[in-house]
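Going in written order, the chains are labelled A, B, C and D, and every chain counts its residues from 1.
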Amino acid sequence: MTQQYPTSLGTSDADTITLLGQNLADDLMGKVGFGELTLWMVTQRRPTQSEVRVFEAVLVALADHGFTPTAIAARLTYLSAPDSLQGALAAGLLGGGSRFLGVTEDAGQFLAGVLAEADEIPVDDAGYDALALAAVQRARAARKFVPGLGHPVHKVRDPRTPVLIAIADEEGLRGPHLRLFEAIGRVHPQVLGRTLPLNGAGTCGAVLADLGLPLSLLRGFALLARAAGLLGQLAEEQRTPIANDIYMSVDRNATYITPK
Amino acid sequence: MTQQYPTSLGTSDADTITLLGQNLADDLMGKVGFGELTLWMVTQRRPTQSEVRVFEAVLVALADHGFTPTAIAARLTYLSAPDSLQGALAAGLLGGGSRFLGVTEDAGQFLAGVLAEADEIPVDDAGYDALALAAVQRARAARKFVPGLGHPVHKVRDPRTPVLIAIADEEGLRGPHLRLFEAIGRVHPQVLGRTLPLNGAGTCGAVLADLGLPLSLLRGFALLARAAGLLGQLAEEQRTPIANDIYMSVDRNATYITPK
Amino acid sequence: MTQQYPTSLGTSDADTITLLGQNLADDLMGKVGFGELTLWMVTQRRPTQSEVRVFEAVLVALADHGFTPTAIAARLTYLSAPDSLQGALAAGLLGGGSRFLGVTEDAGQFLAGVLAEADEIPVDDAGYDALALAAVQRARAARKFVPGLGHPVHKVRDPRTPVLIAIADEEGLRGPHLRLFEAIGRVHPQVLGRTLPLNGAGTCGAVLADLGLPLSLLRGFALLARAAGLLGQLAEEQRTPIANDIYMSVDRNATYITPK
Amino acid sequence: MTQQYPTSLGTSDADTITLLGQNLADDLMGKVGFGELTLWMVTQRRPTQSEVRVFEAVLVALADHGFTPTAIAARLTYLSAPDSLQGALAAGLLGGGSRFLGVTEDAGQFLAGVLAEADEIPVDDAGYDALALAAVQRARAARKFVPGLGHPVHKVRDPRTPVLIAIADEEGLRGPHLRLFEAIGRVHPQVLGRTLPLNGAGTCGAVLADLGLPLSLLRGFALLARAAGLLGQLAEEQRTPIANDIYMSVDRNATYITPK
């Protein structure tokens, strides 16, 4: 028997393009926003406008952070291979791994894990605090890091965090992952002995998990946001090139050490 | 003197994150959509809501086309390296080169080139038809391909094309690139001796060029749209895996030919 | 103070190119083989001819395995973007993650970990057997997988394993990692209750670790070998294209499931 | 009828692994070098030892050039995503495009094109000089660049060029592409009005073309050489990290320009 490959995304025939069971041209283009379509493709359920607003706030929060290693790598790759924009974009995304973009997914996974093991979902802040306290204590005992705590630049407060919480709250989407994350923000000092801010990337992870997005794909949304940011970086590189200066500043300041 | 690196995108200090000169948390998150921010980052000018609607219609048009080679490559890469979602996404985008995603950029470049060489921008359809006729004749004389004409599946009409034109028209953004492209659709049969449809990817290129986006970055918007589509493909691969079946169907049907 | 960037690899001035402290043109080209140079660049120590022979045997063992998911992804990417060979190669390498290429590194890391925790390095097979037995028992108790055991196709014996052991032995480089791995091959049946072959990728990891290569880079040698194999695949794709047939066979056998 | 996929590279069954029609374990491992296998996989013809020596000299010549944009991009990507070595390697290779690695392929293609259009292959230097002169004049008339001429650092002489010519000569492989390239070195001053060195990358292209390698794959050999160099760079980054210092030096010297 011939292998069959099921899908519910795109397909087409001579006259029609279908996406998610919809007529792409008649029902989606001009009627559905890009963030809305992204959510729909991932969950295969049409999102509400509240979900779209929260989701796009996360994408906006993660789109660009200036001269990150990934932005620099994309610009250098574009310098070397200007004929292949896709290569520069891919090179920038390949830095979206555990260290710089991973917090979003790690936080979502951590929170979901704690909730999955809880006997019941708390009904008030006191309940979330108790759950959070046990989770932070368990992490500390296992010498594990609680993802989403602390930031190299925003040492006291990450400005994105309260705004994301407020937007989720306005839209009725401040769910258990985010409430647990907020509780971690309240209780961790009594375990760790110092107060760390809830960072924006971790908050994004909590919010995305509350949207019901697949936990093992959370990093993907940070990557999508970053893809847009990298287009901004590459457009700026076209207007005001700096990649060659970066290259020269490294090359010129090389200190050669003859191996023994 | 120390090298300086100018930028107008992201920057941050302990309390504030700035993007495009705006306060990210207070002025952008929850207030600016993801497509809107993308346009803004690339052009460094805040787009109008009309521009955003047209832009997002293009992204929606290009997001997913089912089991394209790039979607299959992303799924196979995810099968091999499930720990590295960024690698699967990058592998999928790397297929966004000349053949499958290049038409958008090629069409925009072609149309902009014809307009740049025109003595004046036409004022009516007759003027566009004359300009288009000369351009198609020149391309044919040089044995060059007119980008955006023809489609392997939509042999008579690409359903995205009239919808994109209508949306651009509704928003007052049916500019010279798109009008020239439409004229090519009208006049090419008298040069080429057969009637080909204006394809959707080419129409997207005309529309993006009319939005004033950098021509050498047009492929980038197709890549951004595709990044969202690839997240949909990878989410589906998590739910309903097919990559291993594809691999097996190739491996099992290999015919080994001993080299001489 | 200006940042300085130390390196012992390549540098050049108007007249001379230096690599590893050597004159590239006069002392390396034509005098040092490619595998030899690779080892030298990674370890910054000139390898012996025995080390080179063992290293190249590993690269030969890992270079190509036919229609793997990575080979298929590279061919599909080349189909989509034939103007960007680097993209096709990169797409193929991006599948070199935990599942298909990871065994080499995982095995090396596992063996090195066991040896690091041992009180002393064994002096005979009995000593290695005892160490291996304890390690396999510990792994089983922790419900962890012993990397390098078992193979989906070579269920009884991986033909590369005895040959790699023999070559290492001939060259006086059958060191503690490989001897421990061989001991795992002898003792694991009494813990796991069934006999699995030592696979070739795991044996490569043991051999590379015995060469003193950085454990966290072992995957990199599998990737280098695979880069050569992918060139073979892409050369064959140029001569006898199959990527479009693969794409068509997937696309044609898609079963569309309308989402609810 | 089921699709069949022909191949002459790798295949395996329960007991045997076959590569290029050979028994991998018995006939290749330990008996065939890595460069030799690479040539064999690409051409499907077993190379001579002379061909292997010339080929490996090219790979050695191209392996590393210090802090190139691609090396920096690989290091920055490794900093961001240390869990995914394949991503760092891929990011480095993605810079292997038209500008920095493209000369090798461009030169090979240019020389092959000139030879293909020649009435007959010259028999002496005078014949090559005449062919070269016409080719350089044609390129200049078309305002095209002759690939392989000139180098930003080696303004008078690229030290790799005479060594590659000597090695090819020693091995009886100084063929028409290289002889034509040498002739271009002799005659171009009378057309261009200034004397440029034949660069190493271009010479490599001539040599690889004389080896009979596919012209559209020449960039691939530069990428393979670079993959080894990138492993050296990443090993050095593990021992003596500089990527974070590069990132910091860019980020700290950013000048923020508020967009209008």
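Throughout what follows, a residue touches a chain if its C-beta (ideal position, glycine included) is under 8 Å from a C-beta of that chain, and two chains touch if they have at least 3 such contacts.
Predicted, not measured: the structure shown is a model, and the values here were computed from it.
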Identity of the chain that, by mean CA position, is farthest from subunit A: D
Interface sides of subunit C and subunit D: same vs different residues, half threshold: same
Geometric centre distance via CA averages, subunit D-subunit C, whole Å: 23
Approximate Å spacing (C-alpha centroids) for the pair subunit A, subunit C: 32
For subunit D, residues that touch 2 or more chains besides their own: 2-3, 5-8, 11, 44, 66-67, 81, 83-84, 86-87, 90-91, 94-97, 101, 246, 249-250, 254
Category of the chain touch graph - line, ring, star, complete, other: complete
Residues of subunit B that touch subunit C when the two form their complex: 2, 66-70, 72-73, 76-77, 79-84, 87-88, 90-91, 94-101, 243, 246-247, 249-251, 254
Subunit A partner contacts - residues on subunit C that touch it in the complex: 2-8, 11, 18, 20-21, 44-45, 81, 83-84, 86-87, 90, 94, 250, 253-259
Interface residues, subunit A side, partner subunit B - complex: 3, 5-17, 19, 23-26, 28-30, 32-35, 37-38, 41-44, 53, 56-57, 59-61, 63-67, 84-87, 89-91, 93-97, 101, 153-157, 159-160, 162-164, 166-167, 170, 200, 214, 216-217, 219-221, 223-225, 227-229, 231-236, 238, 240, 242, 245-246, 248-249
